[in-house]
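For reference, chains read A, B and C in written order, and residue numbers begin at 1 within each chain.
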Amino acid sequence: LLSDFGLVDPFVGLMKSAVLARCPTATLVDLTHDLEPQDVRGAAFWLERCSRWFAPGTVHLAVVDPGVGTSRLGVVLEADQQLYVGPHNGLFDRVIGRARVRRLHLIDVQALGIAQPSATFHGRDVFGPVAGLLASGRLSAQEVGAEMQATPALEGVDPRRQGAGEVVVVDRFGNLITDIECSTEPEQRPSQVRVGGLSLVLNRCYADVAPGELLALVNSFGTIEIAVREGSAAQKLGFGRGVPVTAR
Amino acid sequence: LLSDFGLVDPFVGLMKSAVLARCPTATLVDLTHDLEPQDVRGAAFWLERCSRWFAPGTVHLAVVDPGVGTSRLGVVLEADQQLYVGPHNGLFDRVIGRARVRRLHLIDVQALGIAQPSATFHGRDVFGPVAGLLASGRLSAQEVGAEMQATPALEGVDPRRQGAGEVVVVDRFGNLITDIECSTEPEQRPSQVRVGGLSLVLNRCYADVAPGELLALVNSFGTIEIAVREGSAAQKLGFGRGVPVTAR
Amino acid sequence: LLSDFGLVDPFVGLMKSAVLARCPTATLVDLTHDLEPQDVRGAAFWLERCSRWFAPGTVHLAVVDPGVGTSRLGVVLEADQQLYVGPHNGLFDRVIGRARVRRLHLIDVQALGIAQPSATFHGRDVFGPVAGLLASGRLSAQEVGAEMQATPALEGVDPRRQGAGEVVVVDRFGNLITDIECSTEPEQRPSQVRVGGLSLVLNRCYADVAPGELLALVNSFGTIEIAVREGSAAQKLGFGRGVPVTAR
């Protein structure tokens, strides 16, 4: 489960209730619900980076949905043996761009017998119920609705950027996480990272520098990250999401 | 589960442990634990609004308990085939006011053999254990303790207000959620909403107005809400909980 | 589960996925993930105080790990019929100091066949997998790796302080929680608590004083706490972690 619902209100709990009503034995894992409101780009990044750590057959329920109530499409994506349920607004673009095998199905609310959904909370009224039915095995992705072309909803997102990219997430530690992917081979890694006029040497872990010092490293998600040991790079540099970064 | 314990400290985890010790197969769903400290009114609103999305037989464990350690009563409420466990301090008043069938039972700590509870954490020491016993089926509501009159603990809360009410919750998006209930029939809905000298037309969903603009709508909980598309109404208007709102 | 990962990023979800991949039937309970970043001392306090509320056989997965990627040790601690998995950096010192029976085992990543872990996220790559294997029963603590001496990693932490101690945690309500342990016998309790020039009488519960007033009490974890009824002691006094407190 991933959303921008936050944990201050009961939205996540109600979405879970909708899943559990259709699949009482489901094991629910929260990826995060505290994305910045409407941060489709950050959500798309985490979905693509995290899905590899989940088992084949996992159903990802992802709702960052500023267009709820409009004609934006609700979909189920099959990609490399996992399913993704949510709005087709860019959320799944990185998964689509990366997947070897992918099929996209439009959710046909009426054919599925979903009672009149509200205009503002499809996590509870549409996507949660569909995810529950899929998880229970009582519904397959093909039965959800018509297949459509599995292309990104937005333009310009390339999940395989290597030399240049941007800060896509500022994490709770103030680390600046970029979408610049890195080889797992040490000798093929860039040695220098540039951000806002600064040039940083690529290190291995936070403890490679003294507390309070800036560093760049390849994080545990395989992308370049700019950090301050035991501190906040976001605060020290004053940089946030969208700042361009290059590596070479 | 619903409380004002927050997620920064281990209070919720300990309450869950108390439930699971009595009912290891329980499926636990968090509604929210980040209510404003001591916000009994907001808790009461969410409990009444959310319970319809949970299955018959659900046990609601709700702890917002500024009077813990005093003589305030601990109770189990049966209301329309669901159970509610927590302090009788107003938390259940909206559920009581709404329920077709309701019975209220005082928790008799000594008869239940609950070891000396602490003076400050009845979520872990009383309400969690009782909820676990109820969920396991080893204890029925009638066995909890003496039945008392199922009347609200506080005065003046009417869960069926229609023309006038107030902001009861400011959600994480800054939406101002009121307790003014709305008909599901479009033709019986009010057309105008008034708050602090402003008059707003009732819309259907956030995307009905331009980003940054104010709107009123009937939210997915069936009450009137004042919002800013992709922004915060609370911030834009400077209004919070308790502000009066009218609709006609 | 206890960490300083926060809930804003998907770190906790990925750690859970690593546990569930090895033990799909595990029941996961979050103690907290919102400790201050790198707050090993607060984590150590909560672990020791909370473990008594969990059943024998519980596996505690605790990751506050500023030294990740360095040569700091990863361990499994057996203490009084519960297991603790995480870095040996002080996190388990209070449990070690308190336990009647304790054995400490070094995690031998290579012998366990754990694929090349990342340099920055051992919660997902080492500790989560080990906790899952232990919870599933497919691995015992003895099989994790060589036994080492079960001594604290840091100096100077005594989990049994009685007359003097310090504020170790500021909870979400602004209560100042100290590590000064108190007898459960009322007549053996101190009557006066001193903090920063103030002298407070020991009360029983928050409601013993008027709203807004300062008090000291023995909290539900058996230590002395300084609080403001329906308010924040941290804000009222301007005190935080590390402030010395005495009781007599």
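Simple rule for what comes next: a residue touches a chain if its C-beta (ideal position, glycine included) is under 8 Å from a C-beta of that chain, and two chains touch if they have at least 3 such contacts.
No experiment lies behind these values; they were computed from the predicted model shown.
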Self-contact between copies chain A and chain C, residue sets same or different by half: different
How big is the rotation, 0 to 180°, that puts the C-alpha atoms of chain A on those of chain B, in steps of 5? 120
So, in whole Å, the Cα centroid of chain A is separated from that of chain C by 31
At least two partner chains per residue is the criterion; list those residues in chain A. 7
Tell me, which parts of chain B touch chain A in their complex? 2, 7, 27, 29-35, 46, 50, 53-55, 169, 171-173, 204-208, 217, 219-220, 230
Touching residues of chain A toward chain B in the complex: what are they? 5-10, 12-14, 16-18, 20-21, 24, 37-38, 66-70, 118-121, 124-125
